[in-house]
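The structures come next, written out as structure tokens.
Consider the two complexes below, in which subunit A is the common component and subunit B and subunit C are the respective partners.
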Partner chain A sequence: MNLIDIRNLSIELTTGTKPIFAVDRVNLTMKEGEVRGLVGESGSGKSLLAQAIVGVLDDKWRVDADRFHWRGNDLMRLSPAERKAIISKDVAMIFQEPMACLDPTTTIGEQLEEAVDVEQLTGFFWQKRQQRKQAAINLLHKVGIKKHEVCVKSYPHQLTDALCQRVMIAMALARRPILLIADEPTAAMESTNQGQIFRLLASLNQLKNMSILLISHDLENVTHWTNTITVMYSGQFVEAGTTEQIFNQPYHPYTRALVDSSPKANRLIPNKSRLMTLPGSIPILQHLPIGCRLGPRCPRAQQKCVHAPKIKNFHGHQVSCHFPLKDSYS
Partner chain B sequence: MLIFTLRRFNLFVFTMLLLTILSFSLSFLFPGDQLVNLTGQVNASPEQLAILSDKYQQNTNIVSQYFSYLTHLFHGEMGYSMTSHLPIATEILNRLPATIELTSVALLVAMFVGIPMGFCAAIYHRKVPDNLILTFAMIGYSIPIFWLGILAILVFSIQLGWLPSAGQISLLFEIEYVTGLQLIDILLSDSEYKWQAFQDATRHLILPVIVVALAPATIFVRLARSAMLEVLDTHYIKAANAKGLTFSQIIYRHAMRNAIIKVIRDVGLQFANLITIAMVTEVIFSWPGIGRWLIESIYQRDYTAIQGGLIVLSSFIFIVHIVTDFVYAALNPLAREPQHGA
Partner chain C sequence: MNNILLQVSNLSKTYKDKNYWFNRKCVTALDAISFEIMAHKTLAIVGETGSGKSTVAKLLVGAELPTTGQIKLNGQTLEPGNFKQRCQHVRMIFQDSGTTLNPSLTIEQLLNEPLQLNTNLDETERHQLIRETLQKVGLLADHMSFYPHMFSGGQKQRISLARAIILKPQVIILDEALASLDPSLRSQMINLLLDLQQQMGLAFILISHNLGIVRHFSDEMMVLDKGKVIEFGKTREILQKPKHKYTKRLIMSQHFQLLHK
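Take a look at the complex of A and B:
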């Protein structure tokens, strides 16, 4: 059974004149224990999608989906309160800027303690207090923070970014989630710290069978850590498949360009040659092209592309393009 | 924290220095003889004036004159009132407690009413409660104080007869002077009509406090509302939401503390405003405070009193300012860091 199954999810920005589809009919499925990468440029709607899954979007966004199943439950039929109860029990999210996501006036310990689920505690309230403290310390140990006495007493501004991110992960683990959504967990971090955070996530996946949705703008970086990848462009679904499929045989022109633009990913290119890029830049929300949003930049675009393409499935490798590159690899 | 305290103290010393320079220069700028303005000895004989001139080092240069003025100030000698011929220090000591009582109660009322209302408005952003509270804030802020005070007396004292219109306490009660703060003195006294006196003093306090507190409360409403909206929009509230906390948990544990910090910063600033309002209100309600005394001194051209009142009132405002700074630092861990100590 799929852990999460989203079909045609749209996120609409309600403005005065006409609604803007910031995310336009995106599909996402995840199995249990899977690490899926969600890749796209900044502004491609990947963070929005993640926040829509967790349900923390503001009132100005409207979420709509043909299917939104969580372990077989249809979440679209539930009221927002029921949906929040289910989601906050099983799904946790860590955000881009860990420092900004911790309350600056509350100590780390207090913030960790309040994340601990009540159901894990037993006994009277004074016993629960003690258990909460212990649970917070255990969580810190779990994410590799050994000096828990210092950490529990400090305020977020006294810790480094990487430590804050570890605390955020600890907080996310407090409810023992089945799915962890990591929204660019290593943005603005040094590469050594990046490695530590990714290794921590990978070990959690292996030891606890926790599924992870890893959101990143950096295709090359996530390939080391993911089983499957979904690519988005400008709020539209582009391509999904296993990491090998996406990386070695991308069917969509956009993914092809993404892979080619990375020097390490594509070792075939000679030294000092120009990297492949697509002309133009990602369209702004006010002026989105009709049909396939890559159309104006796509090297393979034809007249048909003014209509949004249907998703084609080649043995689990899904691609949303009228003219996929499938035949060019035989 | 030590650096923080030292910086505040430093600021206090320098501001007082400037204030005393201003007050000293006023004695030159006011019409009449400078020595008379400074001491308030209007009917002194030439011999007495000679002694005074010696005491205030009138024959030396202006800097040592200023320092001799400072020395007198530190000894609590602010001269004599030109009208009542009493020492200014005694006059102020008799009146300042009443003002402290009125303004501190009004400040507390303004904070405890205004800040929760502002939070409420922010939580129900762009809904009916928000609009109602904003309307109230707009109206309350626009009403002139002198008009509101007279209206309050007309309605509640004269027409309805619920509350007394003037003074601090009914003349029937005799309260021993201990601290000068009427309510505390009543509680300390061993009179058998203690509770009646307390009730009476509270009834006297209600109308002036409401009049003084109204405008600051409306400012607090708006400050608290915008602070809360700002906080509710931050990442850590979103993260707390994703953590699975309920809305009320988020408000009570995270949003309120962060929003209050932003408001506390401005309380000290608003206090100066509140003192001005209190001065006008004291005149309307015949409150025996320093504000009314100062305004009367201005009418009577009592230059010595004006100088003394200026110094005392401004240092009072300044002390409240520093106290709010310390409360701010106690609430906000970021402000306690040395690099944010400014």
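Take a look at the complex of A and C:
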């Protein structure tokens, strides 16, 4: 059964004159134990989508979906309280800047103890306090922090970025979630530390069968760690498929440009040659093009592209384009 | 092609802890390094935080005074403290273009400032030069009366590039200038930089931790660790056959991600 199944999710910003669709009919499905990458440049609505899944968007955003299922439960029909009960039990999220997300005025130990699930504790209150402490230390061990005495006593500013991110992951693990949403967990981190965090997430995925939704703005950074990838552009669904499909045979012109423009991925292009690139820049929210939002920048755009394309499915490789690049690979 | 543009010899920097009278601690940010760059070439400096790569940049633009060593440009020594001479020839672009542009000045005023301080051009000539420079980096002349907040991230980075090339410098230092851009804008920026290098004969010093860009963009590379030069040579050779353990680890941490694809 699908863990999460979202069909035609729109997130609407209600303004005075006319509503703006920040996310426009996006599909996302995840199976259990899957690591899915959600890739998009800035302003593509990938963080909004994650926030909509967790349900932390405030009143000015309106979420609408044809189908929004969590393990068979329709989340759109549940009351906010019921929804919160399900989500807070099963889904956890970690954020971009770990140091900014931790409370700077309390120690790591206290913050971790706060996150520990009450239902796991048994006995009288003095026993519970001990268990709570022990649970916090166990969580630190789980994310690979061995010197727990030092870590528990220190404040967030005394730790490095990578350690803070580990603490964030430890907090996320406290309720034993089924799905972990990682919103650019390694942005602004050294490459050696990035590797550590990704390895930790991969081992959690394999040992505990935890599904991970890995959000990133850079396709090349996540390809090693994901099974499947969904690409978004400017709030629209672009392409979804297995990592190999996306990386070796992208069907959408945008994905193609992303893969071609990455000097890391193409080791064959000669030194100092010009890179393949799309003209223009990412449209801002106030001036979104109609139809396919890539239209003005797309090398294959034709008159048809003023209407938003329907999603085509080629053996599980979904692409939203009138003129997919499918034939160019045969 | 053996005219050496920038020659750095024995450059080093130590910081003294001023708090203690006795027992003064010295922190060596950069051990003595020497290198040369030719015109049309790019030198990449790679290393982790605290490896001294930003210190090199600061010493080259003159934001810090070197402890020892000297910098020669076209055979002429750049005096520490003589900014008039230096900022005409060595310019720098920073990582976050959004915060390095003054938000209360229009683009024209921003670009006018270095011209007023460094050249004897009159107002119409300055105006003309700003117009030409904006076109060179792919912006329109109409953008002159805009303020920085009206531009997107990629365009802001172009403005900082315009500010760097407006004095027709010979060396440009890119301090993580490509790191914070989105992939599709980053490749546009790389193409633009390569074109400008061709046209103007610029030498770039690229400080980056993305080895993919380093491999594509640079001719020579220098690996720094804790202020010491670990490896220095042709980019291609170092990336294919890294000699030092540290370099190997650095390459492993980025490149294995795509190896099996």
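Brief remarks follow.
Please note the rule applied: the second predicted complex is superposed on the first by the 329 of 330 C-alpha atoms of A that agree within 3 Å, B and C clash if a C-alpha of one lies under 4 Å from a C-alpha of the other, contacts with A are read in each partner's own complex, and residues count from 1 in each chain.
We adopt the following convention: a residue touches a chain if its C-beta (ideal position, glycine included) is under 8 Å from a C-beta of that chain, and two chains touch if they have at least 3 such contacts.
Only a predicted model underlies this, so the values are computations on that prediction, with no experimental measurement involved.
In this overlay on subunit A, subunit B fits alongside subunit C without clashing.
Number of subunit A residues touched is higher for C, counting subunit B against subunit C. Contacts of A:Cys101 after superposition on the shared chain: subunit B is touched, whereas subunit C is not. Once chain A of one complex is fitted onto chain A of the other, the partner contacts of A:Glu32 are absent, as it touches neither subunit B nor subunit C. Legend: residue contacts after superposition of the two complexes on their common chain; A:Asp64 is shown touching neither subunit B nor subunit C.
In the superposition on chain A, A:Glu12 makes contact with neither subunit B nor subunit C. Touch criterion met: A:Lys89 reaches subunit B, while subunit C stays clear of it.
Once the two complexes are overlaid on the shared chain, A:Val56 sits against subunit B while remaining clear of subunit C.
Residue contacts after overlaying the shared chain place A:Asn221 against subunit C, while subunit B stays out of touching range. The least CA distance from subunit B to subunit C in the superposed model is 13 Å.
Residue overlap on subunit A between its contacts with subunit B in one complex and with subunit C in the other: absent. Contacts from subunit A toward subunit B in the complex involve residues 51, 54, 56, 84, 88-89, 92-93, 95, 97, 100-106, 114-115, 155, 157, 168, 171-172, 174-175.
Considering their complex, residues 48-49, 152-155, 182-188, 190-191, 194, 209-213, 215-217, 219, 235-236, 249-250, 253-258, 260-261 of subunit C touch subunit A.
Only residues 234-236, 238-245, 249, 253-254, 257-258, 261, 331-334, 337 of subunit B touch subunit A when the two sit together in their complex.
The part of subunit A that touches subunit C in the complex is made up of residues 41-42, 190-192, 194-195, 217-221, 223-225, 243-244, 247-248, 257-258, 261-265, 269, 271-272, 274-278, 281-282, 284.
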